[in-house]
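Before anything else, here is the set of structures, which you'll find just below.
The following pair of complexes shares a single chain, chain A, combined with chain B in the former and chain C in the latter.
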Partner chain A sequence: MVNQVETAISPAKRRLGLRKYSRFGGSLASVLTTLFLLVLLTFIIGRLMPIDPVIAVVGPDADQATYLKVKQELGLNLPVLQQFWIFLKNLLHGNFGTTLLTGRPVMEDIARVLPATVELATVTIILGAGIGIPLGVYAAVNRGRFADHAVRLIALLGHSTPIFWIGMVGLMLFYAKLGWVGGSGRLDLFYEDIVPNVTGFLLIDALLAGDMEVFWSAVTHIVLPASVLAYASIAYISRITRSFMLEQLSQEYVITARAKGVSRRGVIWLHAFKNIRVQLVTVVALSYGGMLEGAVLIETVFGWPGFGQYLTNALVIGDMNVVVACTLIIGCVFIALNVISDLLYKFFDPRIK
Partner chain B sequence: MSTASKGLTAWLTTEEPNSARHATLQNIWRVWSRFASNPLGVAGLVIILLLVFVAVFVPWLAPYSPFEQNLRETLMAPNGQHLLGTDELGRDILSRILWGSRITLSIVAIVSVIVAPIGLIVGCLAGYYGGWLDTILMRVTELFLSFPSLILALAFVAALGPNLNNAIIAIALTQWPPIARLARAESLSLRNRDHISAVRLMGASSLHIVIAHIAPLCIPSVIVRITLNMAGIILTAAGLGFLGLGAQPPSPEWGAMVSTGRRFMLDSWWVGTMPGLSILFVSLAFNLVGDALRDALDPRQE
Partner chain C sequence: MPHFRACLTGAAVLIAAVTINVAEARTPQDQLVIGMNMVNLTTLDPHNANSYESYHVIANLYDTLLRSDPNTPGKVVPGLAKSWTVLPDGTLEFTLDERATFQSGRKITAADVAYSFQRAVKLGLLARAYYANWGYDAANVDQKFRAKDDRTFVMEVATPVAPSLKLNALTRVYGAVLDREVIAKHEKDGDMGRGWLASNAAGSGPFTLNRWNPNDIVVLSRFDAYWGGEPKMKRVLVRHLPESQTERLQLEKGDLDVGFQLVSADIDGLAKNPNIVIDRLVGSGFYYLIMSTKDPEFAKPEVRRALRYCINYKDINDVVMKNYGTSATTFIPADIPGYIPDIGNVYDPAKCKQGLADAGYGEGFSKQLLSLNSTPYADMATAIQQNLAVAGIKVDILTGNGDQTYGPMRDRKFQLGVGRTASSAQTDADGWLRTHVYNPDNKDDANLSNLQAWRASFELPDVNKLMDEAQAITDNEAKRVELYKQALKLFEESAPPIIPISQRVDPYAKSARLKNYVGDIGWMTRWDRVEKQD
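This part shows the complex of A and B:
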């Protein structure tokens, strides 16, 4: 009996698996194309620079011989295609070149600053999704009423507020005036370098070391930048949640469920909300990636020693190796997020077969 | 007068339009009356019109010169003489903000003028021709779309050199892809319509069809899309200015003014707060208009 069932299922199963693989192959090819174009784009950005990169290294007073020597070392005397090939080969080896200022490998620098940004983004997305999703559901359920308009206005304000400005106003109010939160950086100066660096995430490191004072200092420092960033993502997430929910609530199964006596709350959370979970995961993932954009502005305001500040400093002095590497990484993060959300769709949505 | 306006309303709402132009005007009237019934949208429109008014007449409106320094009156709090206070060089902040409206508006206008034709051409070509041209153009479009627009603009400005012109070019580079995608979708649906087939049968070349028959039909939705993006353009421009990669001092660009204000924020809150508020108001106004416009154009939402 069991055998029979299995043989009945397995051809179908095999077919399904095969199809899955071929689809996977197709999307892999398209991801690789996009990645290649991304590398090409960043290469072009790196070569656009109106300042001669050789002069940037040797200075304007260097003699002809030094100039040519450095030009050769940088590989700039080679044909452009060959330069691109070398750029590509270096990338595959994880080599992004060195920074202009310190001469350290860019990759090492990025690995050092990234945890600060990831920590900020993670706290932010917890706030953003935790507040934005219920707000969106609430607005959809109360469609056309006061609550709906209020949520809409909150979202519109979030879309319209210059994030760097609200960060600055927040610092003036809650740090300078009221003293409720910490100022610049991830910790008060006094607490820096006390807890051992294990994960790179200060909140976790402080807890691991059992040092509550450091933990509290880290909390007071992260709460304001995270809230400011979260406001933008609450605006985005609540709006999208609202439109997803409205779509579900207008379906006939909702009426059926109500008619058979499911409570209002049951229909909202157990029926309608259940159906938008997958879409929401995608939205949250994408806005998690979007934090990298907000981080550039917010880290400058809050002196947060992360990826955004690193990129900003490089932008200001025109350190193109760093700019190219950071742009490339952000591009890769977004491509990866898109791929992951596609995969999530395929796994969780029973309609996509 | 009132009978004339009544007659006009009747003409605009009659069931049977007499000509194509009559029908178009009726359509615009319908969208407008839906738009006008949205108080938030109208409020946004009023703010934008006010901004345009200020930008045009600023030489007569601003109480002081935006550049004139007065080192005896530095960092003065808002008062009767200087309604929004003065900055670190004694310049009147209100006057600088009023002059800054010209910069903001011209960024929005120039970016829109650059972006619309590029997006339109790329999208229509991709949609009409299809095949490998479509694949290539849309791959490139998707690549640009997958980036957060500020990051891409930052990288371009860093490469081109920080100034206002390059900031405008960089923003334009990040803004054409959504338009191209929209124009492609529109031309895909237009390409097999009867009137296009008729033109083709009459022997028109593909290029002629795209330019004279497809692109014009995509223009209305492109205009709407650009309106929706204007708030984003303003915020990106302000962000670039704030990071010192857009308009350079002493230009009264609002983002750059916020950046200056950051240095004095602990003692002189008004220096950075005021220009930031104007960014907020203007981008909110554009968002309100865009939102109301979207609702007005999409009656299914009702």
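This part shows the complex of A and C:
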């Protein structure tokens, strides 16, 4: 009898398990297909662009023999599909190849520039969400009043002012005139190479090494570019938060809660805000993802050795090994952020299973 | 909302705390801090270097056999070789300084010098073309470059070439001497260390390479046991600063000691600052306008001659090229033996119009002009466009990056172009003329794309002959110079399709605290004697 029950349940269980696996397999296949198409398209578009990286490598005055030798060494004389096949084979072996310009392994370069960008983006998003969300809530609660107009004006300015201009003015004011913050780069130059590179995140590495001087130098250097980027981010997040909140505050459950005698603060934060958390997670995650692509203009103005500058320089000369590797990484970052957002949805909204 | 206000106050306090007043910046006494745009710093291999930026770094990692006296451009002084002799057949014999050692601690021998120069040729990269001018190729260098004994290096003659040309050239980056034992350890598939040396160093210079992160930073440390005396600076730090205005702010603030590649407005701004000194390296190339004689209109000498009268050289040099170039009328600069005054560029709009009318183009014509999309090229192109419009020539400017601009010129598929020759300083008429007027084979498949005259499809056999003859004179400098003069004159009389606009100037800003920072026009500026005042 026991056996019969077991055999009766097992197929159902197995089907459930199989469905789970096949769902996972399906997702994995779709992710891999997306990534493959991303690589293929980026590579082909890159190769079809009328850019010849060889001149960037040898310089405009090189003689033809040198030009041809370098072209051959870089494999650029082969048909595009053959180049792609070689690239793909290397990729499957975990090898992104070398940059055409300097001959260094692409992964090594990325391991260096990505932490700089992640560090900047993380500080930015903490500032952006930390200030943008309360501002948005504040504006929504005070709809139509002075505070609301002020927040909307800040948001409008943040959206419409060119970011490199704000960066440059910020440098002139806070660095050159007032001397409150450090200049370009991640550190004062003479602090370079003082703390060992463990994580690639200077703030963390300096703390790990217990060197507060280097830590403060890193803080004073990151605060301005992060604030400038955060300003744009605050503008975006506060505007969205405001509109999400307005929608919730007009719902009947809010009126009911108020009628029941729930305090104003309780209604705002425990009822209305609780309901927009899931949407905000998406907004903040996408905003963070966008920053991880690198902020080329800010990186240029602040001499920040990040991912954005690295990718842009490669694009300009047609260094496709770098461009494809960076595109893949950006793709993976967005996929990872999606997964994290999904997990957070489940955390914030128990109805989602 | 008291809590909200409390949050805001908290945030303000936090921001105030992190933006503590950074002490008035001043670079440390024993560290030299340099800012430059590193986009063109693509290799540290002396035999493959092609940019102003890479030359500067390499000059401090390696020693060359001879050096150029930065205070007297063109004067050759001892480097690794303490003396040299020219034998009657033109063979050069160099005696090495016995104190000289590599950073690895090993004594430098004549075999190292021979290896280095052989590598320059055999690698087949940029240095090869340099030595090929003197008849050296992969097949003959093993015999021609040899160690007579440990201390004596011999450079035999392949084709007759004036010894002064070679001696001058050996002061440049391609004359660097490399540590063959260190390279051997990093050699892969017989690449003579090419892969490794691109981002590492094996030299004997005053500084060792700690790290180079492309488009980020170069960190050099003092080589304490440098044979030429311990450098004053403990470290040299070079940072990538792509934005000129940020660089200017850092210089003014005292966070940088030296700044390269500043734009004209920032140079002017810094020149007013008493704590900053502006230096100008004059003479490492020309800004030029080139016409392709494959084009039916530019094939006619009378059109080219007329067009040369159309350009307002003075205005372009005074306004557009300010801080980037200095006026030049022909391809041998005024301070080089062989210069001819009152030859070359003349601005005369009446003659320009008349000349075009006489050639049958009174109504003008339309052409496309290629230009880099950066300063000062794009501005120079616009000025030329305006000048030519007055004469009825309609010019469409097509801007692009290096490949899009120089690519068609190298392929001889263009009509008009502006550009800049980028080789390091040439202190001899030969170098100047070779780049701009020499073209020994005008066929398309000759592919002499490093020669401007070939790019313009313009060949003057008599000029080539004079050039070859001059280069081969080994014992009479006056006669050699005379032949270059004749070649230049002939070139100028032939309505050349390559017109010099300005001689290149590389300005840089340095802190007034610096002592002994002397820029070298061959871009081989040394940082080992640099000191700082309090």
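The criterion applied here is as follows: the second predicted complex is superposed on the first by the 250 of 353 C-alpha atoms of A that agree within 3 Å, B and C clash if a C-alpha of one lies under 4 Å from a C-alpha of the other, contacts with A are read in each partner's own complex, and residues count from 1 in each chain.
Quick note on the criterion: a residue touches a chain if its C-beta (ideal position, glycine included) is under 8 Å from a C-beta of that chain, and two chains touch if they have at least 3 such contacts.
Keep in mind the model is a prediction, meaning the values are calculated, not measured.
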{"item": "Which of chain B and chain C A:E293 touches, first, second, both or neither", "value": "first"}
{"item": "Touching partner for A:L41 - first (chain B), second (chain C), both, neither", "value": "first"}
{"item": "Touched partner set for A:E213, first chain B, second chain C, both or neither", "value": "neither"}
{"item": "Broader residue contact with chain A after superposition on the shared chain, chain B or chain C", "value": "C"}
{"item": "Contacts of A:M172 with chain B and chain C, given as first, second, both or neither", "value": "both"}
{"item": "Touching partner for A:G103 - first (chain B), second (chain C), both, neither", "value": "second"}
{"item": "Partner chain(s) touched by A:K69 [first = chain B, second = chain C, both, neither]", "value": "second"}
{"item": "Partner chain(s) touched by A:L157 [first = chain B, second = chain C, both, neither]", "value": "first"}
{"item": "Touching both chain C and chain B, counted on chain A across the two superposed complexes", "value": "50-51, 168, 171-172, 176, 300-301, 316, 318"}
{"item": "In the complex, chain C residues that touch chain A", "value": "1, 3-4, 7, 11, 15, 18-25, 27-28, 31, 33, 39, 42-43, 50-51, 124-126, 128-129, 132, 195, 198-199, 210-211, 213-217, 219, 235, 237, 239-243, 245-246, 249-250, 252-253, 255, 401-407, 410, 419, 421-423, 435, 447-450"}
{"item": "Sites on chain A touched by chain B in the complex", "value": "33-34, 37-38, 41-42, 45-46, 48-51, 153, 156-157, 159-166, 168-169, 171-172, 176, 289-290, 292-293, 296-297, 300-301, 311-312, 314-316, 318, 320, 323-324, 327, 330-331, 334-335, 338"}
{"item": "Contacting residues of chain B [partner chain A, same complex]", "value": "40, 139-140, 142-143, 146-152, 154-161, 231, 235, 238-239, 242-245, 255, 258, 261-262, 265-266, 269, 272-273, 276, 279-280, 283-284, 286-288, 291"}
{"item": "Residues of chain A defined as touching chain C within the complex", "value": "50-67, 69-70, 99, 101-104, 109, 112-113, 130-131, 134, 138, 141, 168, 171-172, 174-176, 178-185, 188-190, 192-193, 216, 219-220, 223, 227, 265, 300-303, 305, 309-310, 313, 316-318"}
